[in-house]
Amino acid sequence: MTSATATIVTQNAPAELARAIEGSQQRAKRKKTKWSALTVALQVLSLVVALGMWEWAAASGSINTLFFSQPSAIGTFAIANAEGLWNDTLATLRATVFGFAIGSVAGVAVAFFITSIPLLDRVLQPWISVLMSIPRVALAPLFLLWFGITETSKVALAVSIVFFMVLVSTAAGLKSVAPDLLALGKAFHASPWQRFRTILLPSCVPSIFAGLRLGVVTAILGVVSSEMVASSNGLGQRIVLYGQNFQSAGVFAVLALLAIITGVMTALVAWSERYLLRWQAM
Amino acid sequence: MTSATATIVTQNAPAELARAIEGSQQRAKRKKTKWSALTVALQVLSLVVALGMWEWAAASGSINTLFFSQPSAIGTFAIANAEGLWNDTLATLRATVFGFAIGSVAGVAVAFFITSIPLLDRVLQPWISVLMSIPRVALAPLFLLWFGITETSKVALAVSIVFFMVLVSTAAGLKSVAPDLLALGKAFHASPWQRFRTILLPSCVPSIFAGLRLGVVTAILGVVSSEMVASSNGLGQRIVLYGQNFQSAGVFAVLALLAIITGVMTALVAWSERYLLRWQAM
Amino acid sequence: MKSIDLEVPKGQFLCLVGPSGCGKTTLLNMISGALRPERGSVNVNTQKPRASAVGYMFARDSLMPWRPVRTNVAYALELRGVRKQDRLARADEMLELVGLGGKGHLHPQQLSHGMRQRANLARTLALDPELMLVDEPFGALDAQTKARLQGEFLRIWEGTGKTVIFVTHDLSEAALIADRIVVMGEGEIRKDITVDFERPRDLDKLRFASGYQDLVHSLWGLFSSGEEQ
Amino acid sequence: MKSIDLEVPKGQFLCLVGPSGCGKTTLLNMISGALRPERGSVNVNTQKPRASAVGYMFARDSLMPWRPVRTNVAYALELRGVRKQDRLARADEMLELVGLGGKGHLHPQQLSHGMRQRANLARTLALDPELMLVDEPFGALDAQTKARLQGEFLRIWEGTGKTVIFVTHDLSEAALIADRIVVMGEGEIRKDITVDFERPRDLDKLRFASGYQDLVHSLWGLFSSGEEQ
Amino acid sequence: TGGHTPKPSGSDPTGEPTELITVNYSAPVPGALPFLPVDIAAAQGFFEEEGIELVVTQTSAQALPAALTSGQIDMTADTAYNVGRYLENGVEVRFVSGLNDNVDFTLLAADGVDIPGPDEVGGWRASIEALRGLRIGTAAQAGPIGLTVAALLEEAGVEEGEYTFVDTPGAAAGNALEAGQVDAVFSGGGFDAPLVANGLATHVLSLGTDIPDIFGDQVNAALTMTATFIEENPEAPARVQRAIARAMEYIQDPANIDSVVADAIASGTPETDELAEKIQSYAYSAALSIDGIQAALEWANRAGISSTVIDANDSIAEGVETV
C-alpha cells in the first residue's frame, strides 16, 4: 500500500477560516431574506414580460381573443365592472374565510381527538380517505338540500374540504412529536390538558400549518365550486356567467381576483406561521 | 433543603424489566401491523351500520330517495348498468393514470431543476403559488381549446393539478436533505448526476410520496371535473347525466366507483412507498 | 433468577453505570412514576408528594425549542400552578446558579450544547426536588465542556443534601462524582461500589490522584469479560 | 495575524484537537478538496489522483439508510465506476476486516452505533486511500464501545503506512492513538506535540501507563485558561 | 312607459295595496334570449309594480331539481318539454307564464364542414342525415336537447353509434369549434350568434322554422312555479304573468330596442351586432298555449325526455291566462 504526504500552507489561515465561515454564514442569512432586490426585480420583470407577450400575441392575432382575451381588455373590463366584481369578491371572500376558519379549527380538534384513541384512529382511517376523495362538486346538490342556496351552503362545502386537509396533516404531525418531549411531560407529571397545551399543540404547529396552507387554496376552491353550482352571488357565479357568454375578459378578471384572494390569504397564513415559529429562525 | 430516600425493591427484577421491555416492543410492533383483526372487524361493522341506517332511513321515508337514493337501489342500478359504468370507469381510470403519471414525473423533474438554481427558485415562487391556486374547473374551457374535447384535455387538467402538488412537496424535501449526506457526496467527489441519483433522489422519496398521495386524489378530481364540464365519456359525465335525469342511484353508484378507484390507486401508491422505504421498517 | 434490591439513602450521590440497553432509563422511569412496574415495588419516601419531590434531568436536553430558556426552566413550576411572577423569579435564580444569569431571554437553539445542559439542570433544580434522577446529562458534550460541567454540577449539588441517581456510560465520570457506583449489566447488578473521596471534591486534582486512577482501573476490569455485540 | 503552516509526512497518525467551532472540520474539507481555500494553498502529494487518494470518515456515521451495509461500503467504488462484482467483493473484504463479516445484508438501522462506525471505517478503507481524514468517529459512542473501537482502528491502521488526520474533542483519545497531536484553538495552532509511545500499541495497557497519564495531564493544562461561552 | 317609475308598493289592478311576494328565481342558463322577458320585467320594475320581489339566483341544471324540491327556488324558466321530466319525477311545478313560442335551436356546421341546408333536396332529413359519422356538440347529450337531437337523427335514419356526441355546454361549443374537436354543434338561445359572428361556424338550419312538422306547434320556453309556492301564494302566478305581459309589450315596442339590448347584455346575453334584430325575431308571448305545451310534452315523450305523456291541462297553474 502507498501513503500520502499532505502539506497544508494556508497563509493568514485564521483570517482565511474566518472568511470561509463568514461566507457560509452570509449564505445562510441570504437564504432567510428571500426578498432580495434582484429577486423582486426579476419577479416583476417576469410578470411584465408575460403580460407583454400575451398582449402582443392577442394584438397580432396569434391567439384568439374570443377565448384568451388580452391584458388590456381584462383591465378595462375590471374597471368597468368594478362595483359588481367588488361585491362578489367580498361575498366569496367572506364565505372562504368562514369555511377556512371552521374547517381548520374542526380539523385540528378532531385530529387531536381521534389520535388520542388509537383504535378509533385506525377504524376511521379508510372512512377519512374515502370521504376526502369524493368530488365535492357532485355533492353540491345534496349540500343545497341541507343548507339551501345560502352562504351556509358555500361555507359547508369549503369546510368539507378544508376539514380533511387539516385533519390529515395535523394527525401526521401528532404521530411525530419528539419522544423526548413526550417523556418530559410524563416525567414532570403533566395533566392531559397541560400535555396538550404545552407539548402537543406547540409541537404540531408546523404540521397544522402545512394543512392550513393547503386549506386556504381548497377553501377557495370549495366556495367557488359551490357558487358555480348554485348561488345568488360570488365570483364562482361570475365565472359561469362570463364563461357561458363568451366574455373571456370577465373570466380572466375573476381568475385574477381569485388569485389575489388566495395570495393575500396564503400570505396571512404564512405570516402567522412565521410569527408562531419565530423561534426557529433564532 | 430536604432530601429523599428511595427504596427500589423489584423482585425478579430482570424478568420484570424484560417484561416491560417486551411489552413496549410488542406495542411498537402492533403499531406496524395496522390491520389487526379488531380494526378490520370494526371497519366492516361501521360500514354495515352506516349502510343499514341509510337503507332504513330511506325505507321509512325520513330522507327523500329522489336525492339520497338508498343502498339497495344503488346496488341494483350498478348491476343493471354494469357495462356502461365499466366502460366509463375505464375511460376515467385511463385518464387519471396518465394525468397522475405525467404530472408526477414532471413535478419531480421540475422541482429538481428549479431548486438547483436558487435564484430561479425564488423568482418562480409567486408564480407557482398563483398558478397552483387558480380553481382549475374555471380553466376547463381553456383546456378544451388547447387540447380539445379529448382524453388529452382531461389528462391535461389532471396534470395541471398533480404537477404543482408534487413539485411543491418535492422541492420542500430537497431543501431538507440530510447535510451529512450532502457532505458525503462532496467528500467522495460524486458527479452532479451521481449526487442526484444516489443522494438527492433517495432522500426525497418520502416527500415525493407525500406529494403523490395528494396527487392521486387530485388527479381523479381533475379528470372528473373536466368530464363534468365537457367530454364524450367518463364517470364525470355520468354524474351530470344521472344528476339531470333524477337518477340519484346512478350518482351514488358513480361516487362509489370513484371511491374505489381512489382507494385502489391510493393503496398502490402507499404500497410503492412502503416498498421503496422498506428499509425504514428494519 | 436474580433480583434488583436497591436502597438509596437520603443525600446519597449514586451513579448507575452499564452498557446500552440494560435498562438504566427504564429504572429511572419506574422511580419517577412515569412507568409502573408490573411486579415488585418502588418506594420513594419524600416529604413532598412524589410529583414535586422527584426531579428528572434527561440525556438529551429536551428543552422546548419554542420557549425561551426562562420559561423552559419555569416549566415544572408552571405545571404545578405556581404564579407566573413567582416561577419566573425562581427560574432567574436557578439560571444564576448554573451560570446562565441574564441569558433567560434566549431560545435553546441560541445556546451551546453545554449551556443547554446547564439550563436543563436549572429546570430540574427549579422544583427543589428531594430526589434527582439524572440520565447521562453530559454524554453528548465534548471533553472539555464535560469536565467543566461535572465540576459545576458537584459544586451546586454539594451541601444541598439532595439524593441523586445519576446514569452514565462513562466509568471515569462515575468514579469522579459518585458516593456509590452501581454497575448494571444485562439485567443484573454486577457490583455495588462505595466511593469515599472526600467532599467537596476538586475534580481537577482528583482526576490525577492515584486513588482515583486505581478505582477507574478496577472498574475497567469489570468489563474485560463481557463481549459487546 | 497568525498562519497555519502544517506539513504532514507520509504515514503519520496526526490528531487534531480543539474546541467546538475552531475550524477542524473546515480544515479537513479543504484537504479533501470539498472546500476551496480563498487564499493560501493545500498541497496533497499522492500517487493516485486526489479523489481516489483521500478517504473521508465522518463524525456521524452518514451511512445511507436506504442501502444495506454492503453497498454502503461499496459506495465510493461505485462512484469511481468499479464493476459491481468487484466492488461488492471489495466491500465484503473490508467488512471482514472491521469485524462485520456476514453482516453486509443488514441496513444501518439494524446495527448498533459501534457497528455503524465500523461500517463507516470499512467504507473509507474500501477506496484504499493514501490519506485518511477522520472526523470525530467515536464522539457519539459510550465509553466501552469507544475503547474497543479505538483499539481496532489502530490494529487495522498499523502497518498500512496510510497517513491519517484524525479530529477529536477528546484529549485522552488523542494521547492514546496519535504520533503527533496538533492543538487548535480559536483559529490558531496552540501546540504541536510529538507522541512517541511505541507501535503497535496495546491500548488496554497504555491507558494505565504513567507516561500516558503524564501526557494527558499536560494536555489538560493547555485548557486551564479557556472559559466556555 | 311606466316601467321606469315603479310605484312605492305593489297593487293589484283594482288599486288596492297588496302584500309583497318574494319569489326566488333561477334560469338554467342566464342570459338566454328565450328567457329575456323575465330579465326585462326585472330590470324595468314590472315585477315590483305587481308586488313581486324577484330574487335572482344562479343554479346549474344539475342542482335545479334539488333546489326546487327543497324550496330554495320558487320559479324557474325552462324549455316546455323539460317540465314533463320534472313532473314525472315528483318535482311538482306548474306553468305560470309563456315566454317564447318558437323553438329556438339551430344546427351549425364547423368551418370547412359541408352540411346541406334544409332548402336543398331531401330537406331537413338530408341535413340531419349528413351528420352520420360526425362529431356533434350539444349541451349535455343526456339533457333535453341531446335527446332531441338523438331523436331527430333516428328520424333521419342515423342509428346510435353512427355519430359521436360531445358535451359542449355554453361557450365550450366555441372552444370545441375553434379547436376542431366537433364537426357540428346544436346551439340556441342567442349563444349561437357569437359562433357565427366570429367565423367559427355557419348556420345550417333552425329546428323551429325548418322542421315545422315536429317543432312548429311546440311552445319553446315557459315560466314554471312550484306547486307548494303557488299554494302559499295563490296570487303569485297571475301577478307574474301580468309582469311578463308588460315586459313583452315593452320588448315589442321598437322605441325601446336600445334599452332592451342593454338590459339583455347586462343579464348575460352575448353581445353581437345583430342582437337587436335577433331579439325582434323572437315570438314572445305571456299567454300560455295549451296546445303548444301539449305538443312539447308529447315530443318529450317521443324523444325519451319523459317516459309518459303528461296532460298539459294538469300542468298549468290556476288563474293564469291561457289560449
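Residue numbering begins at 1 within each chain, and the chains themselves are lettered A, B, C, D and E in the order written.
In this section, a residue touches a chain if its C-beta (ideal position, glycine included) is under 8 Å from a C-beta of that chain, and two chains touch if they have at least 3 such contacts.
Quick caveat, the model's predicted, so the values are computed rather than measured.
For the interfaces B-E and A-C, the C-beta contact count is higher for B-E. Farthest from subunit D in terms of Cα centroid separation is E.
If each chain is reduced to the centroid of its CA atoms, subunit A and subunit C end up 45 Å from each other. Spacing of subunit B relative to subunit C, judged by their CA centroids, is 47 angstrom. In terms of their C-alpha centroids, the spacing between subunit C and subunit D amounts to 32 Å. One inter-chain figure worth recording: subunit A and subunit E are separated by 42 Å, centre to centre, where each centre is the mean of the chain's CA atoms. Residues of subunit E in contact with two or more other chains: 62-63, 65-66, 69, 169, 171, 175, 178.
The multi-chain contact residues of subunit A, meaning those touching 2 or more other chains, are 67, 141-142, 145, 228, 243. Those residues of subunit E that touch subunit B in the complex are listed here as 61-63, 65-66, 69, 85, 89-91, 135, 137, 140-143, 164-169, 171-172, 175-176, 178-182.
Across the complex, subunit D is touched by residues 178, 180-181, 183-184, 186-191, 194, 198-199, 202, 205, 277, 279-280, 282 of subunit B. For subunit D in complex with subunit B, the residues that touch the partner chain are 29, 32-34, 51, 56, 58, 60, 62, 64-67, 75-76, 78-79, 106-107, 109-110, 133. Residues of subunit A that touch subunit E in their complex: 64, 66-67, 140-142, 144-145, 148-149, 228-232, 237, 240-241, 243-247. Partner subunit C is touched in their complex by these residues of subunit D: 19-20, 112-114, 139-140, 142-145, 148, 169-172, 204, 207-208, 213, 217, 220, 223, 226, 228-229.
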